[in-house]
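Right, I'll just put the structure down here and ask away after.
Chain lettering (A, B, C, D, E and F) follows the sequence in which the chains are written, and residue indices restart at 1 in each chain.
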């Protein structure tokens, strides 16, 4: 189905750079499961390394936003970009980080509301109020 | 600039249904300022009423997600939809609700990261892992 | 502002292929006004010819849908694609073809509603009901 | 496949608020069939109620645009948003409201044409003609 | 699965206009295989003819860009538009035109990078530098 | 206009991490000009560093695709994402790398063609031909 080959664990074992990333994914997530996204990226070790390093810095390292908020932002972006895989994987990640049904329902309401007003604003070509300008 | 007329306060005064919504916006937000979005919607009282009622239920009423998280989700959706007005108005709203520079920077990083992986996933057409399926 | 030069009438006069298209636009629309889109395309005569020929076949020639309905579909597409220019030009075209304020308000409501449910469906990853499958 | 559970009729029966909406959907559409979208929304009664109330007001109540035109606008939005489910469900709805093959072919031509010129305009960054500005 | 019927070769044989296009596709591509896109368009002969004529002029005729570059641009557009079918078909076409794994990996990196910076720019609403303005 | 402050050179001078990135941008591009995108990112040194490091690896370092092809892919993505700033900056970059008017016209034609067929495919929900599946 994919436009690239998804690497099996056996194939990963034979490439030192790819194996190092997979090892770090497993160690970081404390789980043996490595999802298909990384198996697709494995055919380009440099891209795999850069992508994992960025994801680790942005989504795993502690920061100013809590992990669940970051997952919700991730799902919101993925929804509007129409990335079915990403909606699935990050909704699963959000649930693993404690997303409740009530929070999910409210999140859906915000995503729907924003999409609706975005379309209304664009169709009406509303000019930005001076009050919203920075500096 | 807009494709509809933006109603002035004087015009709003002359339409009871529109005035009722504007009054409620002002009372709810405890501010006399009503932004251009509502002035554009004013030409269709029914759409104005429904949109404000929904926004109030979703974004103003207390719920399972904190108000700042909801604003960040709103900005994320607006960014991917390319709605300049909405990015401006909801970033201003988020700052008013306490968004710090550090949080904004981290939010931007998540939005950028998600957009990047969304594109990679779609270009590789990665199939959803069975582990991400619900039920 | 544009990434290409917009041809003036004087420049159009000096290129026979471009001039022929501009002449046909003016004759077809019974107006001397030629909007910026065509002036931008003028730097590639082949693309200009093909684009105008298609637009004429799709939007000008009589067909199974009435002209106003086609303009509304055009604005809907342009809105979701975030094409400010196109929203402006086709809303103007729709008004010239008789779009009333009431129809415009209702059109906006549909565009907003569809955008909202699109986002909800994608965020929930709703599977297609067998009842909607053709054949 | 979905990121939420789709409620069966038995589950709907056990929740009075959800049941009331499902009953109204069935009564309004004069059909026992309730599609998956509503079954996904059922886990959040408030969102379900608001969404159905809006859809009924926008798409079912008589207005200034005929029902088929509204469905075409809905499909156009859904297409550009890449919502496969929505394209399926609203194309089915349009056919039920009388969409002919000739009309569908012409609709497709408009959607394709608009998408093409949207992209050309954006890539050329064409400035809005003053003639298209409102008032 | 489709919202239109996909025409079989037998059905194509019975319609002279459609058959002429299919014959030209086969002759141009020097292959008997005609993919589903054209079978879906077959129900509207005029749209089929125009679409094939444009595709032939843009993608098949020799021009200023090499064929592989054009396929990469095509896949990039299709990725951001979330068109799964188009990503599949044009990645296959690019491979047939010589796309190597190294080139594909680098292409993916560019698509991901652009998507990331696009989102960052939009979320920050960066104004265009005067240096980038034409003329 | 932006939702973040754009750092002036004086402000950059006062932050060692930001200054190091700006110095490297200037050295790499052999130009004193640093465009607004980087001035917006300057408020988050970590995001600035990561973004510049990625851009340098993807767009500046020699690879399997020539620099002009990469710029065209970048503009294509930016166009569909509706990022006006990015279309401007990367079209300028492409011209600096030798893009001719004829190549630009052909590029526009491909972007328009792809957008058109993407929309047609999505509206018809064409299933992927087995011939396009990998492996």
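Note that in this section contacts are C-beta pairs under 8 Å (C-beta built on N, C-alpha and C of every residue); 3 or more make two chains touch, one makes a residue touch a chain.
The model shown is predicted, which means the values in this text are computed figures rather than measured ones.
Shared contact partners of chain D and chain E comprise A, B, C, F.
Pairs A-F and C-D differ in how many C-beta pairs touch across them, and the larger number is found at C-D.
Taking the options B-D, D-E or C-E in turn, the interface that duplicates B-F in more than half of its contact pairs by residue number is D-E.
The two copies, chain B and chain C, are related by a rotation of 120°, based on C-alpha atoms and rounded to the nearest 5.
When every chain is reduced to the mean of its CA atoms, the largest separation from chain E belongs to B. Shared residue numbers account for over half of those found at the interface formed by chain C and chain E, and the copies are therefore classed as meeting with the same residues. The geometric centre of chain D is 34 Å away from that of chain F, both derived from CA atoms.
The distance from the centre of chain E to the centre of chain F, each centre being the mean of the chain's C-alpha atoms, comes to 21 Å. Chain A and chain D have CA centres that are 27 Å apart.
Contacts with at least two other chains are made by residues 1-4, 46, 50-51, 54, 57, 77, 79-84, 87-88, 91, 102, 105-109, 111-120, 122-125, 133 of chain B.
With chains as nodes and touching pairs as edges, the resulting graph is complete, every pair of chains being joined.
Here chain D touches chain A in the complex through residues 3-4, 43-44, 46-47, 50-51, 77, 81-83, going by the rule given at the top.
Those residues of chain B that touch chain A in the complex are listed here as 1-4, 6, 33, 35-37, 40-41, 51, 54-55, 57-59, 63-65, 69-70, 72-74, 76-86, 88-92, 100, 102-103, 105-107, 109-111, 113-129, 131-133.
Of all residues in chain F, only 1-5, 46, 50, 54, 57, 133-135 touch chain A in the complex they form. Those residues of chain F that touch chain C in the shared complex are 82, 87-88, 91, 101-102, 104-106, 108-109, 112, 119.
Those residues of chain A lying in contact with chain C across their complex are 75, 79-80, 82, 84, 87-88, 91, 107-108, 111-120, 122-125.
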